[in-house]
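As written, the chains take the letters A, B, C, D and E, and residue 1 is the first residue of each chain.
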Amino acid sequence: MTSALLEVDNLSIGYRTAGGISLAVDGVSFRVDRGGSLGLVGESGCGKTTIGMGLMGLLAPNATIVSGQVRFEGEDLMTASDARMRQIRWRRISMIFQAAMNALNPVHRVQDQIAEAIITHEPDLSGHSVAHRTRSLFDLVKIPESRLQDYPHQFSGGMRQRVIIAMALACNPSLIIADEPTTALDVIVQNQILSAIGTFQEEMNIGMIFISHDIAVVADVCTNIGVMHAGSLVEYGSRQEVLDCPGHPYTRMLVGSLLTLSDQPADLSGVACAMGDNGPATVEGCPINSICPDATAVCRRERAGWVELSTTHRVRCSQAGEGR
Amino acid sequence: MALRRFVLRRLVEIAVIFFVIMTVLFILFRLAPGDPVSRMVDPSMTPEDARLLMESMGLDQPLWTQYIYYLKNVVTGNMGVSFHYGEPVIGILMDRLPNTILLFTTSIILSALLGVFLGKIAAWRRGERIDTLMTIGALFCHTLFLPWLALIMIWFFGYRVGWFPITGMISPEVWIHPDAGFMAKALDVLYHMVLPLMTLVLIHFGSYLLVMRSSMLDTLKDDYIITARAKGLDEKTIRDHHAAPNAALPVVTSVGLSLAFSINGGALTETVFTWPGIGRELVFSVSHSDYPLAQAAFLLIAIVVLVANLVVDVLYAYLDPRIRY
Amino acid sequence: MGHPSSLSPTPKNTHSISAGKQRHHWVERFLDGWAVYRKNTIGRIGMALLGIFALMALASFVPQMVDPMYHPMTGVDPEISHSTGPSMRHWLGTDFIGRDIFSQLLAGARIAFMVGISSALISILFGTTIGMVAGYAGKGTDIWVIVLMIALFRWPGVARVIRSQTLSLKHRPFIEAARVAGASHGRIIFRHILPNVMPLALLYMTFRVTSAIIIEAALAFLGFGDPGSVSWGMMLQWVWKTGHMFQAPYWLLPPGICISLITMAFYMAGRAMDDVLDPRLRKEEIKP
Amino acid sequence: MADTNASPILMMTDVTKVYQSRDSLFGKSSNRVVALDRFSLAVNPGEIFGLVGESGSGKTTASRLIVGLEKPDGGRMQFDGQEIVGLSGRTRREFTKKVQVIFQDPYQSLNAHFSIFDTVCEPLVIHGIGDRAACLVRVCEALETAGLTPPETYLDRYPHQLSGGQRQRVAIARAMVLNPRFLIADEPTSMLDASISFQIFRLLNHLREVFGVAMLFITHSLAAARNLCDRVGVIYRGRLVEEGTAQETIMHPRHPYTKALLDAHPRFGCSRRSGYNALLETERPRPETDHCPFYPRCRLAVDNTCNRRSPSLKTLDAGHRVSCFLF
Amino acid sequence: MISRCRWLSHLCLLFTVMAIMACHEESRSNALKIGLAEEPRTLNIWLASDANSRKVLSLIYQPLYIYDPDTLDLVPWLAESMPMFDEQNLTYTVRLRKAKWSDGTPFTSLDVAFTGRLIQSFKVPRYSSKWKFIKQIETPDLHTVVFHLKKPMASFLTGTLFTPMVQEKEWASVAEKAKTTEKPVAALLNHRVHHPVGTGPFTLEQWQRGAFLHLKKSSYFFGTGKTINGRILGPYVDDLVYTVFGTSDVAVLALKKGSIDMFWWPIQPGYLADLSRQADIRLFTNEKSALYFIGFNLRHAPFDDPALRRAVAYLIDKDFIVSRILQGQGTKMFSVVPAENRFWYASDLPRYGDGLSRENRLKTAYRLLSEAGYTWTVPPVDADGDIQPAKAIRLPTGQTMNRFTILTPPADYDPHRAISGLMIQEWLRDLGLPAYARPMAFSSLLQQVKGNHDFDAFILGYGRLRLDPGYVRNLFHSSNDKSRGWNMSGYHNPAFDRVADRSVTEMDPGKRQVLVKEMQKMIARDLPYIPLYKPSVVEAVRKDRFDGWVEMLEGIGNIWSMCQVKPVKHDGA
């Protein structure tokens, strides 16, 4: 049994609004093993990015952690001081941001931005060894050293993403949170970045949380998958289990709407009805009861609890047990 | 390489615009009613006297000849002779220019530094009382009526408390002293600068504060600030190293342009503080219909503004690596 | 363009349409904006100040009806022939020929509003139109239009901002959608671009108002104003030219403070409006 | 399904478009970007033609040229046998009635100041079709067609009150209100979530089947093209490199670039492929002479051929054409 | 952050040190510090037409004769005695003092002759008219000059003899060079003088442009220690420092603070109460030779009618203008010649409306106009003799009177005239006259009034009228009614012209006096101009520093003062 790197238990995060606190993340629990990878998949607004930011302690000022426990390498992150969090950030948990976001400061050279991360956490390091580390990181992500002196805008999208990966690896973290790292990249570049991430994660034995809206991408890189809907985790299991026999109707819908390159084209001839939006749950019962084909009176009345389909596969649907 | 081409292209543009401004100025001044001679009114002056004066100023020539003459003068750098002072205009302006530059460059740099520093803090602590206080304070200072404030400053600091000289740029006592050295003179000028500087900084820092604050607020929304936080940097580093330099870029533009415009914008200040600069000369020449002097002053202003624009663009490119020409 | 509310409703859309009908969309947007605006302390202060000044401007008609002695320009107190301090008869005192300072101050508010708003309207009207046309027509024409305006007039600022805004709007998909649908240039400029640049134009108008007021005051102060009207700058000029600068604080301070406060009020209102209009601050609400 | 024997509804022949960044008051600078390079394309009535390529390959330029938002620098374009370059006045208005576009970004393509009714009705107003009552009926029909039911509840709403999927449906309703014969869908789902995209695909498919609208479907996703389109064209750097039925082109690609694209596509549920063998890691220098557009990145490129000439489209078998010297 | 604080504190320290230094500097020198309101224009005496240049140059370049401060009689200055007139030959003989130029060379008759010829040959503006009637200048010896006149000219005594004398040595080469240029006058006027050489009590030491001028006592001044006109001349101060101030408020503050000893500029009425309270400040009030008036365009309706002009004269409340607008710092005028010019002033002129109440003014004016044939839709005075708002006045011809404008200088130039214009507008409107006061940039105003004759009425003034009444002829003689001519009103009166022409050539002061008074009477009757007021000059000095000021027409800033002012001896010192 591998040791748990990160354990998240019943985490709830809310945003303060005029009408009280509205939950963006509602009672989410999962764990990441050392060297393991977890994919969090869900549509926009389902709270997956909020989880990432919550783990880093970088929530917006109007967001607050309502309840839950986060244990990282045995340490409770919820009670850690600001100073301690600053030490943990990047040194222990680093982050890969979406490349389309301006994750790199446009007025500093990329070399300096990487070095800054190293110097912050290892202030005793000599300038020479910092430079050396930076160069080797560039080697690692296959960017020519000659481009260390460049500014972020001089890189293409894929290259910039590599810089961000290099930066994330700068302090040898044990957990990386990758937030939509390939969105807005072309297929070919996406493929390259994904395989790069996969390689490092495996070789350096880094735990990873991979956040994406694209279940196909998640399926490509992660060993475990958690499906999120309206702030809560609705299904959690290994890649094979979730994809091959999705237990939750929402997962089934996600998988079903995925267009594949199989010989048989998907059936597009169905009625193109409008579908409800993904927002925080406000009604009683299962959040998808109105669009779920199998919904029963129970679904409309109360939220389902977790149903264990196997030791590694659980689903939050009252129909799940019967379905099998 | 590209930058050089950009600069060359801009120089050509500047030349064209300059020519347009030059012509417009000429036309505006000649179209304006009144003539400089009638200003020198004295019932003992005969019509012949007046004609002689007109002739001596070249005002008897047809407009077209005057225009050609004027163009020739501009091209050769000889801007003519002031009607009023009877001296070459260039000499007068060059005499006044350093004074204006000294006062306004200092004041703008000081107010920009102050504005950037305070604006940074205000944005960083958005919504808190200190932010509201600073914003309202900045607004209030910014909307103060300059001559009004200047006169009150003079009254209070120059007269009531008596800390600073009332106006002027130098005190005759120091300068006519036979053994006054350079240091004494320089200190004297500095001492005289305090009041106008205080007034100008008080009036101007507000706009920089507001620009910096809103620019900084924009910057704080940028994603690399989150990156910086995620990297575990402490808040001060994030504020001073990541947010402030980016946010200060718009201030650079506004500083550059105010520097350029300050060479005329200080007319009121220079008048009230008796600062012997271009602004005072400009107001004087316009009200006395001293065409050569006024034209030259306006042209000087135009060229400084145009060149400053260019310098700001180049500087911007230097400061912001994203911009390349 | 017709609005469905005026139609004889077709059978299936009877009451669902009439529900949201009473409030026109811009009323709704205005109310939304007002809700945001009201939360802004600075905006509230600015609005309150503007309200006070507007009241002053209205009240400026009253004193002269009470007694012609209070006419701000031509009324003189027959018993006073020099500047005097505040009294019951003259709340803020009199100026050097015995005119009532308080009525002058009220009349000044009227002038400030007139000067500020009229010059702002003119500059906005010209600036917006020229800016939109220059921005939309694009290519070579705009540079010369702008050069000309910089050289000649005072409203290039607005035109430049509107132009750049138009330039950025011009290639927005919704403009292109209209073009694809075959809309004429006039329709695109006035139906699509204008509503989108209007908020910006309004914002710039508040800035223009303040600068117009300050410029008027400065010109009047320097003596280039119209001595036939009582503006605050004119009052300051009288204080200055008659040598009461440091002698009559009751006469010097009110107009100066009023100039500062009214420009500040407009700035504040403008800044708060900036918050309202800033699309980043306006939440994209999704109401199913 | 598509009638492949009918004459094409849209023909683009050797269309070239060069962007020149004009940044000087007096001179032209030489900053040229060739967006389309002798690009040819034919869309048959009633079919969905998928144009696939990565960003910057020129696929959006093609759509903009067709609807007249840009003017081509060379080549001919015909719609229904009628030349459409430089149309103006009445003929252009007639043309705009028949061809409509659905833009990529539903958040940007709707005027925030227009209600849904105003938005959908605008084409009718522009073309002066019908009185108010007739407009209302047609708008409601269009909204229903686009799957916004009941339509009345949407009429008075504003774009900011709708979700992304609903907005895209409004855009589709706007495009459909004139009963066009040809639709250009420019990556209509790239900003939407997977489940919403799926519905939009269904909707487009539905429009084709019910109204017989021909479509040019622009996408970067091979899977979308595979599932929705009858025929597919792959565009690379402004050149059409491969063209054929969706089944043939995507399941049996010939051109190295198409292969690379396919290879990079996430394999749902399967372990990762070893890698992109058709592509080089870094680019070769681009030759000065005319050359195959894919030469700098092609692992299979033959020197002295691929870098000297550019290949033309060769027909391999039934409607499958490819532009590569290897065939 | 810390470094910034340190930097700031250093700056504060620096300023403190400087402030202390500056305090020590105070009261070191024995210099007379004079505040000026504007920078002097030039040191070239021929270009210097402005008051400020003259404040400097009048202490350097000296004329042959000056006025006595009390009697305004001629006092020999560079001349030794009064000029001797030879009626037969029309010559004046002037004996010169043994004076020296400030470079030590003697002042001779050759310099006088050179100055005269320079003016004549270059037609130097504003001097040439005073010299063009001189046929010949003879220099029988180094200290005698004989002027031959072409014809009798009254202005010889008051104009020619008051011309400042320049040194031949300094100017001969300049004149030579100027003659070779295209525009000799311009070259002469624009010649830049760095160190003017004069015969006066002071010489220029340095001029820091825009800041101050420093004059030093001249060791060669002819008057030092001498008694001239009953006064023992100094100068008793070693240095004169002129400081320029941008606005007079600031200058007054400087005076109160003691930064300057005298402000050579009229003090605005607002400061008087405050300044008179301050023990160490002394105020001087003096009359000015000035004329402020409203003028009419007599060339067309409505002001071609003297009855209307007289009615206007009745309506104008000069008491109001003087007591309120001028705050009492001035006097009413009824003649175009100021009353202080006692010799030429005609005291027995009509004083229209003087002392009347506003109601009576209105009634008188109404009566005048009704008699002259003017009618109203609603007259200003109703049947019961009560005042009512008048409407639509019609000319005697039956035409409605068109609106007319009263042009005034802008408020920045002279607020008194601008406000007077406005008040006059209101008074005229009481009678139903459609008057509009309009301030106009000064040069445009002159262009329109003097150049184009395109106006109805205007308010102008001459702040420094010469004492010689020659201007009365210039202002109203019909030959001057031309573009840029002095007769701006377009006054044509052959009787006046005859009297005026005689007054020019009448060399006997007594006879000339009769003629000048006759002219004033005609003007007061026909009213092309209505004289309004004449401001007084109030000047302030510090009592604790210098005394011995000599009061004169135009105030204490005169050559007599500068030659006689002495530092106050403090008890302690």
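Definition applied: a contact is a pair of C-beta atoms (placed from the backbone, for glycine too) under 8 Å apart; a residue touches a chain by one contact, two chains touch by 3 or more.
Keep in mind the model is a prediction, meaning the values are calculated, not measured.
Trainee: Give the chains in contact with both chain B and chain D, ordered by label.
Mentor: Touches both chain B and chain D: A, C.
Trainee: Ranking chain pairs by how many C-beta pairs touch, which one is first?
Mentor: Max contact pairs: B-E.
Trainee: How many angstrom lie between the centres of chain A and chain E, each centre taken as the mean Cα position?
Mentor: Using C-alpha averages as centres, the distance is 89 Å.
Trainee: What's the distance between the Cα centroids of chain A and chain D, rounded to whole Å?
Mentor: 32
Trainee: Can you compute the centre-to-centre distance for chain C and chain E, using the mean CA position of each chain? Integer Å is fine.
Mentor: Computed value for the inter-centroid distance: 47 Å.
Trainee: At which residue positions does chain E touch at least two other chains?
Mentor: 247, 249, 253, 412, in rising order.
Trainee: Could you list the positions in chain A whose residues touch two or more of the other chains?
Mentor: Counting only residues that touch two or more other chains, chain A contributes 277.
Trainee: Give the residues of chain C touching no fewer than two other chains, as numbers and ranges.
Mentor: As it turns out, chain C has residues touching two or more other chains at 222, 240, 245-246, 286, 288.
Trainee: Can you check the complex and tell me which residues of chain E touch chain B?
Mentor: Contact set of chain E toward chain B: 4, 14-15, 18-19, 21-22, 25-26, 28-29, 31, 33, 39, 41-42, 44, 47, 49, 123, 125-126, 128-129, 159, 183, 185-186, 189-192, 205-206, 208-212, 214, 239, 241, 243-247, 249-250, 253-254, 256-257, 259, 412, 441-448, 450-451, 462, 464-466, 470-471, 474-475, 480, 482, 484-486.
Trainee: Which chain D residues qualify as touching chain A in the complex?
Mentor: Residues 54-55, 147-149, 163, 165-166, 169, 193-203, 205-206, 209, 220-224, 226-228, 246, 250-251, 260-269, 272, 275-276, 279, 281 of chain D touch chain A in their complex.
Trainee: Can you check the complex and tell me which residues of chain B touch chain A?
Mentor: Residue positions touching the partner: 222-224, 226-234, 237, 242, 245-246, 319-322.
Trainee: Using the touch rule from the top, collect the residues of chain C that touch chain E in their complex.
Mentor: 73-74, 76, 81-83, 96-98, 222-228, 234, 237-238, 240-248
Trainee: Taking the touch rule as given, give the residues of chain C at its contact with chain B in the complex, in rising order.
Mentor: Checking each residue of chain C against chain B gives 41-42, 45, 147-148, 151-152, 210, 214, 217-218, 221-222, 236, 240, 245-246, 252, 256, 259-261, 263-264, 267-268, 271, 274, 280.
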